[in-house]
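Would you mind keeping the following structure in view while I ask a few things?
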């Protein structure tokens, strides 16, 4: 597999720090989607770009060791999660894809709002991450 | 008592059983089992003759598709009784004959299966009263005739003959179907009986004439009338029992049955009289004229069948004139023609059936049917010769045989027609007797050819495959029965007339009350009258022409074979194939650019054209939002970036320019207050550019677009036009504000969906289904990319697919 | 403002059509990318530009700009990303196996 | 109860994803996918009956009132198509078990087929225009992958053209949606129809309807069918059969839905323009069908002829002709799938694809030969088989409305279909057997059973046309008076 020969030193050092910032920003975007700009897609995309940056800066094998899961199944899990939240509402006899929300008193966060939409958004984010990384991986792995 | 529906179904049921019987009883010839079907049916129907003769009709309905009024109604009356008896009677004789004709090594189960399929279908045509069910069986007869003609499917000639027969009869059938639908639209019912009663008020309906012509088209193609006769000679590729059964006695008579059945419907119209009689006359002449030149006996009989069918058809046409005058004492003068038609129908089946079986014997025993190699068979094959003699003399219309009676009545009808003064007959009436007479002369000539060329003269054993010997008794049984019938009918014609023909007359002329006085008393001798003189003339001139046959034979070489209808049929098929190949390859040339150009052109012409034509374009700037300087420069940047993409030298610059476009759109999204979109656009744009660069590592650097100058200009014009149309429609849509959008509902998203970000609420909750499906799209894309890269075609299974 | 944007969309569409009518696969794919950019802008302009504030209930007050087109565009962006990724890989697989990225070569053998 | 309607879409998706996890267990994947398809067929029969008893059923996703949320609307027209699509897919799957090859099955073949069916069922059932776009995309992307699965040279070459043209048609769809949203400001089909009726279909709305006509005729292969012959002749047999039976029907369904529900006010478009396009498609399709010697091309052009014929029924526009078209769509799904399976099996058995390189298959494979003859008669509309009733009703509609040119074209096209299929039949099935009995390839049971099943379906649909005639008349009634659909959706019941 031909590694991308770029002056690794700068990229590797920067990316080691930047990746974590991007990851946190992605998670923040995902969680804040409900009331402020953000949401499943954008969160997933940012997370995916963080992982791609990782692949860019180091070669495929090391990242494979650190992130052992096969991203196709991540995507599959994500889509399953999304569809099951919809399917779940059938079990309650409510029209398909109904989301509910309620306010709970959580110890740390105080009065927060838990909704099934976040599970749906999580599914979407996972799927987006899985798909983008699969595509990037399969193209770069193919190399030959 | 069996209902007629069941009678029609028996052959189909037995046809399904034949393959099992064939496998079960290897030793016995499966034909014997099959023989029971027509015989039992014949007996059942024969028992009904007396009651049908007394005017009783049997109706039985089984609802097939009630909502569409397709009911399987069967209707037994005089006319259908004649045909049913013919089908089952001749059928049993043919099957008896085929048991000896077809050797055991042929695929008998197929043969008998098709034959029974045909018999059931033919009975269906003759009995069914519902137009659609009649069409169902009509097409089944074409299909079974296709299968039977192509029985020896390894021979190219029989395949082509079968295809020609099927194409012509099915096209005629489809034309007839359209005629039936027109009838249904006019009268509102599918049942023939109801149509007959209500048709009188629709005669001036503008669908009446087209329906008539289309129904006639169906009849003419099936009965091999003049322009469509070309399939019958090629259908002779079928085994002889099939030719004897389908292509002389029953299937080709379906068209005649149709014309007879629809005479009360369309008969009152003058056009019907002219078309049916004229086409009948032309076929009569053309058939007999061409029969004389044939060297193959079977082809000769085929053309003779065509001419005899023409004769019956013209008689039916002449008979329809009786409907003009309504029921009166002297209407017998005109109904006589129809009576003659039915009478000749039966006679023709008898003598033509016998002749075909004789030819079958010659072919089976001596291995050839070519007149030039036959001769002198009289002494060595006495029985065959006697049958052939009876058959051909009866066809020629000589006294001691039934052919003479019906030929006499034919001449009488043609003479009577001249005296009428309606339908501008005085001027054209003359052609009927003249053509009838000339055609009968030729008929006489080719009957003499059959007798003298085939049986008399000196024997040429060296030219035959097998030594001349008499056929086994089994094969002779059937033709001898038919020959006996030929002679029997001559001596007791009125037995036939009174019991079978008379009830049929009442079904052709339902409004004519008691048909007793419609049926003339058939007698062999009724003084010197024009018909007798015409017959004597035929015999004399015929003998003369036959004697000097070699003298005038070359006239057949006058018009070359290029202008026959056969050549026309082949030309049409061949040119349609090659022509469509040229045309289709012209526009389906595999070039994506051409396809896209056609699509864009259609878009410009349709949308742009209609926009201009309907004046839908409207434009005003007043309601536009204000804009300031930096937005204008952003637009300018995007425009410049887009245009320079066209002239980018390397693919990297092009991709970067695409990146510029993407990011400036992201900025626009921010300006237009769509933060979510801006975020998504930014990341998607960067990932897409990354993908582009990744893909570039596997793709070559692009060469300069070396499209010819002219195509570049066309592409330019098309793209500008497409852009223009999009702009114009966009501007007029901006100006159209009759409705306000439904999105005001989403504004109280906080109460409804518990989220402040309306866009995310829409995506997650209001239109969550779209998002879910969209994630599935993403998933398929990801999986698709993975499988496309991992699944490589191995070399060896390349060859199948590669053209 | 809308008229200006629609003019821009017209230019983008014209450029994209010209690109898609070319022979080289990469130009065609770039053409499809520009097509999707143009249509995303079109959907937004059809919903009306700048009439109303950001569709975030907490940050801004009524009246809000039309949020429905924004949701549609987001879906359209993701779908066009998926399709572009697919056709990119398809293009480079075709180049690998068929050996050329020129559409004229890819017309397929004439069928007599 | 009306949650049942979403099953034809959601069950294949979920099962498809689950099968991704079961990648190595091919036998299990086969069994599960077949059971799924059969269960969907059963569900759709049940829903079809309940639609028959208590009218159109509506399911609003997320419980949101119609114009604001997305909804599925199950009327008998949609349910009939979903039912036939599931049956056809189930039978094609049986053929795929033995013909697609282990290599493909391990590479997620069954998930892709299930996603394709999900997209098709979704397009039939959806009541929202943008959702129709997304369902189209699901179906299209699954079809892109299925066309390229296997990666042989012709597959890749043809799929590039197929994908680019379909991207362009999706682009047109989005542009049309943008314009429609710009004018009527809503996405729910019934609501659009109400607003278009309220505002009157002015020149601008008719221009947009022409744009929709272009989009759906690109999908249906009406006149703009350039992608069809190439992309239907390269995929594996079972996939080609699925394409032949399902893909064009979705475009046809969309044309029927938009031009009988939304843009029915302007006869210039919905009658003359579609009529002209259908007529030209028939002529061009007929020419294509008899022009080539390659079986797969002949069969692909037969698909184009069928599209032309069905849309003549729409162009005529009377209730009888629409009922005729619905009968013909159902017949065509079954007969075309059978024809593609036969053509594919023929190529598998002989290794050749030109009709003059094969001959006399009847001796080696008699049942196969007779099935081909059966499908030839059925497609030519020869009576007792399923093509007959549809043809009659379209003919009746044409005569009642006096459009004689279309009538003539429609019926002449069935003669050309007969001729084009007879050409194959006489050259390949009949004739000298050139494959000697010893070295002929044995016919796999898995290949002949689906063909026989389709044969039985054609015969039973022909003879038993009474069974579905109740549903078809109800569907035609719903299509020819839009108020039924609009009341069911916006009426606020259920």
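We call the chains A, B, C and D, going by the order they appear; numbering starts again at 1 in every chain.
The criterion applied here is as follows: a contact is a pair of C-beta atoms (placed from the backbone, for glycine too) under 8 Å apart; a residue touches a chain by one contact, two chains touch by 3 or more.
If you're wondering where the values come from, they're calculated on a predicted model, not measured in any experiment.
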Which chains are shared contacts of chain B and chain C?
A, D
Tell me which of A-C and A-B has more C-beta pairs in contact.
A-B
Specify the chain most distant from chain D by Cα centroid.
A
Counting in whole Å, what is the centre-to-centre distance of chain A and chain C, each centre being its mean C-alpha position?
25
Inter-chain centre distance, chain A versus chain B - centres from mean C-alpha coordinates, in Å
64
Roughly how many whole angstrom separate the Cα centroids of chain B and chain D?
27
Centre distance in Å when chain A and chain D are each reduced to the mean of their C-alpha atoms
37
Multi-chain contact residues (two or more partners), chain D
13, 17, 20, 61-62, 130, 134, 137, 141, 144-145, 148, 151, 153-154, 160-161, 164, 168, 175, 179, 181-182, 187, 230, 292, 294
Which chain B residues sit where two or more other chains touch them?
581, 585, 590, 592, 596, 675-676, 680, 684, 687, 691, 695, 698, 726, 730, 733-734, 741-742, 746, 756-757, 759, 763, 765, 767-771, 774, 776-785, 788-790, 792-793, 803
For chain A, give me the residues that contact two or more of the other chains.
35-37, 41, 72, 76, 79, 83, 86, 96-97, 99, 128, 131, 135, 138-139
So that we know how the chains sit together, what is the shape of their touch graph: line, ring, star, complete or other?
complete
Counting only contacts in the complex, chain D reaches chain C at residues 130, 134, 137, 141, 144-145, 148, 151, 153-154, 156-161, 163-164, 167-168, 170-171, 174-175, 177-179, 181-182, 187, 230, 292-294, 297
What part of chain A is in contact with chain D in the complex they form?
72-73, 76, 79-80, 83-84, 86-87, 90, 93-99
Name, in rising order, each residue of chain A that touches chain B in their complex.
29, 33-42, 45-46, 48-49, 52, 72, 75-76, 78-79, 82-83, 86, 96-97, 99, 101, 113, 115, 117, 120-121, 123-124, 127-128, 130-132, 134-136, 138-140, 142
Using the touch definition up top, name the residues of chain D that touch chain A in the complex.
2-3, 6, 10, 13-14, 17-18, 20-21, 59-63
Residue ranges of chain B in contact with chain D within the complex
64-68, 70, 132, 135-136, 139-140, 142-143, 150, 153-154, 156, 159-160, 162-163, 166-167, 170-171, 174-175, 177-178, 181-182, 184-185, 207, 573, 576-577, 579-581, 583-585, 588, 590, 592, 594-596, 598-599, 602-603, 606-607, 610-611, 614-616, 618, 726, 729-730, 732-734, 736, 738-742, 745-746, 765-770, 773-774, 776-777, 779-781, 783-784, 787-788, 790-793, 797-798, 800-803
